[in-house]
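Right after this note come the structures.
The same subunit A turns up in both complexes below, where it pairs with subunit B and then with subunit C.
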Partner chain A sequence: MAVAPQTEPLRPIRPPRKRRVNESLSTWRWGDRIAFVLCWASGIALCAIAGGIVLYMAFKGLQYLSFELLTARPQPSADQKASGGFLDPIIGTVVLTVIGIVIATPIAVATAFWIVEYGRPSWLARAVESGIEVVAGTPDIVIAIFGLALFQQGIFSLLSFTAQGGAVFGRSFLTAGAMMSLIALPMVFGATREGLQSVSAHVREASYALGKTKIATIRRVLLPSVKPNISTGAALGMGRIAGDTAVVVVLLGATLRIDPESSFPGVGLLRGTGGTLTSYVYNNSSAGEGNAKEKAYAAAFVLLLIVIGLNFAVDAIAKRGAQTGLESTRLGT
Partner chain B sequence: MLERLREPWSDRRAERMLGALASVVLLLIVLMIVFVAARAWPSFQHNGLSWFTGKGDVDVQIGNQVNTGAKPTSADYQIGVWPLIWGTVLTTGFAVLIGLAFAIFAAIFIVEFAPGGLRRVVVPVVRLLAAVPSVIYGLIGILVLVPFVNDHLVSEARKKSVQYVINLSGTGLIVSVVILTVMITPIMIAIITDALYAVPRGWKEGAVALGVNRWRAMWTVSVRAARPAIIAAVVLACARALGEAIMLSMVSGSKGFAPNPADGLTFIFEPLRPLASTIVEDAESLNAPAVQASVYSFALLLLFSSLVLSIGAWLAKQPMKKYGIRV
Partner chain C sequence: MIDETREAREIREASEPPTVPTAGVGGVGFPALPPPVRRIVVDSPPTVAAPTVADHGLARTARAASGPERMTLDTLSVFYGPKAAVKDVSIGIRQGEVLALIGPSGCGKTTLLRTLNRLTELTATARRDGTIALDGRDIDTLEVTELRRRVAMVFQQPNPFPMSIFDNVAYALREQAMKRPGKSVLEPLVVDALQRAGLYDEVRDDLDRPALRLSGGQQQRLCIARAIATRPEVLLMDEPCSALDPRSTAVIEELIGELRNELAIVIVTHNLQQAYRVGDRVAFMYLGDLVEYGPTEQVFGAPRAQRTRDYVGGAFG
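The block that comes next holds the complex of A and B.
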């Protein structure tokens, strides 16, 4: 009977040595190496482009920005020394952003609550959800020109100025703000909906178990817990409004100075035309009538600070929840 | 009355109130289509299908329309919009194609190759690029890129060769496409990155365990699984590019001219103007009924395209729902 030859005594198996797998590119195919380099190149290129834009704007902006520019009213003058600063556009930006977000937030939040918490009938809920996606995808210039057609109707004459013949002008802070709210709406809606969907079902059930109605649950439990999401969406929406030019050019008149419609304070301003920082930059670039590079750079720098501030205020509001950090960029699409 | 408002709402009343507010959006969309279509109608009525063709210089036609009176005749509405459509197609098409390649590589970089520290820089950078207002991109374009192209890339001989057709001054297709690409790429990166993150870990690990390298695992497994998101990203970026008005009105040269690919390299320096920019620039002469009809007909075409793209994005997103990813 053959016995298997004993070769050598079995050694105890050593635990495998922990070794970092050194993945070396030298084992990769050439095509893969090129792709790897391309990935790094696009990442670096992104950083370079963004850094270039911010540094260039900061350099040019700080070079031309001065305290007088921020506090002086613009004057219609060809002489750049006499054409003043951009106080009016800054006020215009603030007023327009506030009007837009004040209209957008309640509608967007109510819509999100209705869709997530009630959603009946379901076909209507689905239609509203797709409707908001359609609004998000509609170009701002189309929204602007629709606003002009809408607010030139006679019944909206209170919102803007009426010419002698009875034609409604349709351009004012109120009409522009109303259309701007459509631009902010998808962002507030998206952020609120994501927040609501991440609230666990136990929370709602606990509230129902205590005998609370749905609306009481919404007001006392859900609304406080999605507050950070609403603020996130509102901040992003405000950034969008502050940075939009097309609506300002078409619906606000994009004038140099704010022209109140009557001497009545407040209401006159809201019914009057004006301009914002975006339209100021547009008109003062060499594409517009003003052609004052220095002032365009300075105003653009202020605008960039406002928009970046609003977008990164989001991080301070909502530290938790973000996984990839890019959700907020996706919201408005 | 106030007392009634202050007492707790009944559930049914609350549901109706919230539902009514939510339906406002649908009402607005219907109103938008109706109003824009109603004002655009005369232009289509008097031009018929020849609206889509080229009939010579579109700027001259719009200029003539400004001078027609309050009661324009059928001939006053004549316009051939092809140069503007061609300008829109060219800028959107090139920007989306270049941006897509760039966005896929950048998304893979963020998900797979970037070291932790660099990732914490790249992600805010993408958000920053998405947040910069279009007018600032336009300003940089017209004050930095356009002079550069004019001084260094367009030679005098090239300008002379086409001087009887069109004036080359640096503004044109190449600058428009470059800036538009930078503007729409961040949206695509955001969508593709989130989709790549959402691909189950095990799938890629399986590929790596079979011995392929990290790039191959990404490319053959993750990117493949995220294809619906990539399509959705393209569609949404298209919608963004179609509607870009301000930046393009600043750097495109603002000429109703259709760049001709047969011109060889000169093609990329030729000026153009897309539909959206035309609306912005003619918004001041809307008092003339003929101009009004033309401008609203451009808006109707844009609105129709963005509706089609919205439906396309919705269709593209359907397969992603399997993975529980909301794009």
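The block that comes next holds the complex of A and C.
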């Protein structure tokens, strides 16, 4: 075959030369070396701080923690031997968390579905998203005093108790839970929205192509797909609620014992005041009134365990989602 | 020359001009020609002898007896905003036949396919002119959910839902009514659909397994089972094998051959050999125009239009 002479003679293409294997930090530029060391140091420092908190609380907490503390009701007594345990704050934490998440999850999920699947008119969708961002960014103490101002209105008198003069108290598990739901709502909303956005368009189209309506697609395809995301968001939100103090102090009364509002079981509890582990820790710490540091440490350790447990639950949910193959739908494979 | 690598040969053959007469270049009396521009043409057509289509792949499956015309497209145009993606296409889709839509990327073949079950309506900017009739009835007068049950679709990516194998097929069968049929009603229908899609023997013992655990080819056959479960009249396939390995592709092509007896099939494919193997009629589209439409042998063997000749010869793509 004729070849133009001015083309250089062609040689077989060699495989690319191997890189030097003995590359080490000493060959790097100084800036890179410092940055590299700083990256390592930051990571290790964070681990150390987290480990330090957990270990310190474990050391302090386990020292004083006993089974009686977990099962005994607190008693108003200056004598530490007689002041009982923190069963009520544990129950308070659980009840408040459940109320908050039960209110937050349906609203957050419905909002996320509306934003992602409908989102019309777009200005309204944008406004809703900004609204949720504002709620997420509002300090919890602000949410708490707003809640107090709101729930002291006469129309909310059913949620708490009314004093003799007709003033609505505004503090109860219901009102605190309602405001706590605002703290959890952005987390559930965000997780659900992320999940929906990552369900690829062709999965939706596959459902439409089977002659399904949008609502059937949402109910039968999208909702099952984002279930792990909703669980993740809910677990994160529960962690936030369990760890919040300001709303408890302002809206729940932060009392030592759960104080039902009537003898009617359940409803009385919900309309009554109480405390959670966070308020118990605060009140018993040196900063509070109780000045029973031992019990504060023990309660703080229990609270830490609950929150860490919720975080592990988040990981477990995400992993289970991956195992059932739900993740691969989202990646669009 | 003998030991030159394949890459080197491609570089040389892609250099311009490839067969410059070499005599006198640089010699006395001739101005020196500039050195040839070297470039590597990515995805260039093979420079060895262009393969004749029939040389590759399976032999064509036997021609099915063509039945009545199920869908009729009359001067169909589809626009995205001001841009026409499909221009004045008139075509008939017959039962018992596989219509293969071929053409370069962006020629409108997928848009045409998606228009047939009104999926293009999901795109906000899309607009359609002309009429499409399903069994003589304008599809605009049909409820869109009913249309999509009668004109089913299989997508490029296998896209089973994140549910069990059983539920994937049952989802297609469940009417959107207040009263949902129970498992005892659905089971024979699901099994039948899986059998027709040639998947039942592989999954008969684990219908409750998540569908996403299946292999890619099995997932695609599940999608076909899902699509044909409602006994549609037309089956649209949008490059159903492009995400699959050759073995799964062969299985699905065989399946297409079996299915065409009971329904009309329209398949979009980038793979000319596949169009040749499975298509009874071939429509070649280019920039939204229907350039050529006819029996497979004619489009591949004796194309009328120069564009078709170039395309099926592999000159551009």
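To be clear about the criterion, the second predicted complex is superposed on the first by the 286 of 333 C-alpha atoms of A that agree within 3 Å, B and C clash if a C-alpha of one lies under 4 Å from a C-alpha of the other, contacts with A are read in each partner's own complex, and residues count from 1 in each chain.
Here is the rule we use: a residue touches a chain if its C-beta (ideal position, glycine included) is under 8 Å from a C-beta of that chain, and two chains touch if they have at least 3 such contacts.
Model, not experiment: these values are computed from the prediction.
Look at A:Asp79: by the touch rule set out above, it reaches neither subunit B nor subunit C. Once the two complexes are laid over each other on the shared chain, residue contacts for A:Ala149 go to subunit B alone; subunit C is not touched.
Of the two partners, subunit B and subunit C, it is B that touches more residues of subunit A.
In the superposed model, A:Arg220 makes contact with subunit C only, not with subunit B. When the two structures are aligned on the shared chain, A:Leu210 is found in touch with subunit C, with no touch to subunit B. Looking at the shared chain after the overlay, A:Ala296 reaches subunit B, while subunit C stays out of its contact range. Of the two partner chains placed by the overlay, only subunit B lies in contact with A:Thr27; subunit C stays clear of it.
On subunit A, the surface patch touched by subunit B in one complex and by subunit C in the other comprises residues 213, 216, 324-326, 328-329, 333.
Interface residues of subunit A, counted against subunit B in their complex, comprise 23, 27-28, 32, 35-36, 38-43, 45-47, 49-51, 53-54, 56-57, 106-107, 110-111, 113-115, 118, 120, 124-125, 127-128, 130-135, 137-146, 148-150, 182, 185, 213-216, 218, 239, 242-246, 249-250, 278, 281-282, 285-287, 293, 296-297, 300, 303-304, 307-308, 311-312, 323-330, 333.
Residues of subunit A that touch subunit C in their complex: 1-7, 10-13, 200, 202-203, 205-213, 216, 220-221, 224-225, 324-326, 328-329, 332-333. Put simply, subunit C touches subunit A in their complex at residues 1, 3-5, 7-8, 11-12, 15, 19-22, 25-26, 35-36, 38, 117, 119, 122, 144-149, 152-153, 155-157, 159, 161-163, 171-172, 176, 210, 212-213, 223, 226-227, 230. Every residue of subunit B that touches subunit A in the complex is listed here, in rising order: 8-11, 14-15, 17-19, 21-26, 28-29, 31-32, 35-36, 38-39, 102, 105-106, 108-110, 112-114, 118, 121-136, 138-140, 142-144, 182, 185-187, 189-191, 193-194, 197, 213-216, 219, 236, 239-240, 242-246, 249-250, 254, 276, 279-280, 283, 286, 295-296, 299, 302-303, 306-307, 309-310, 313-314, 327.
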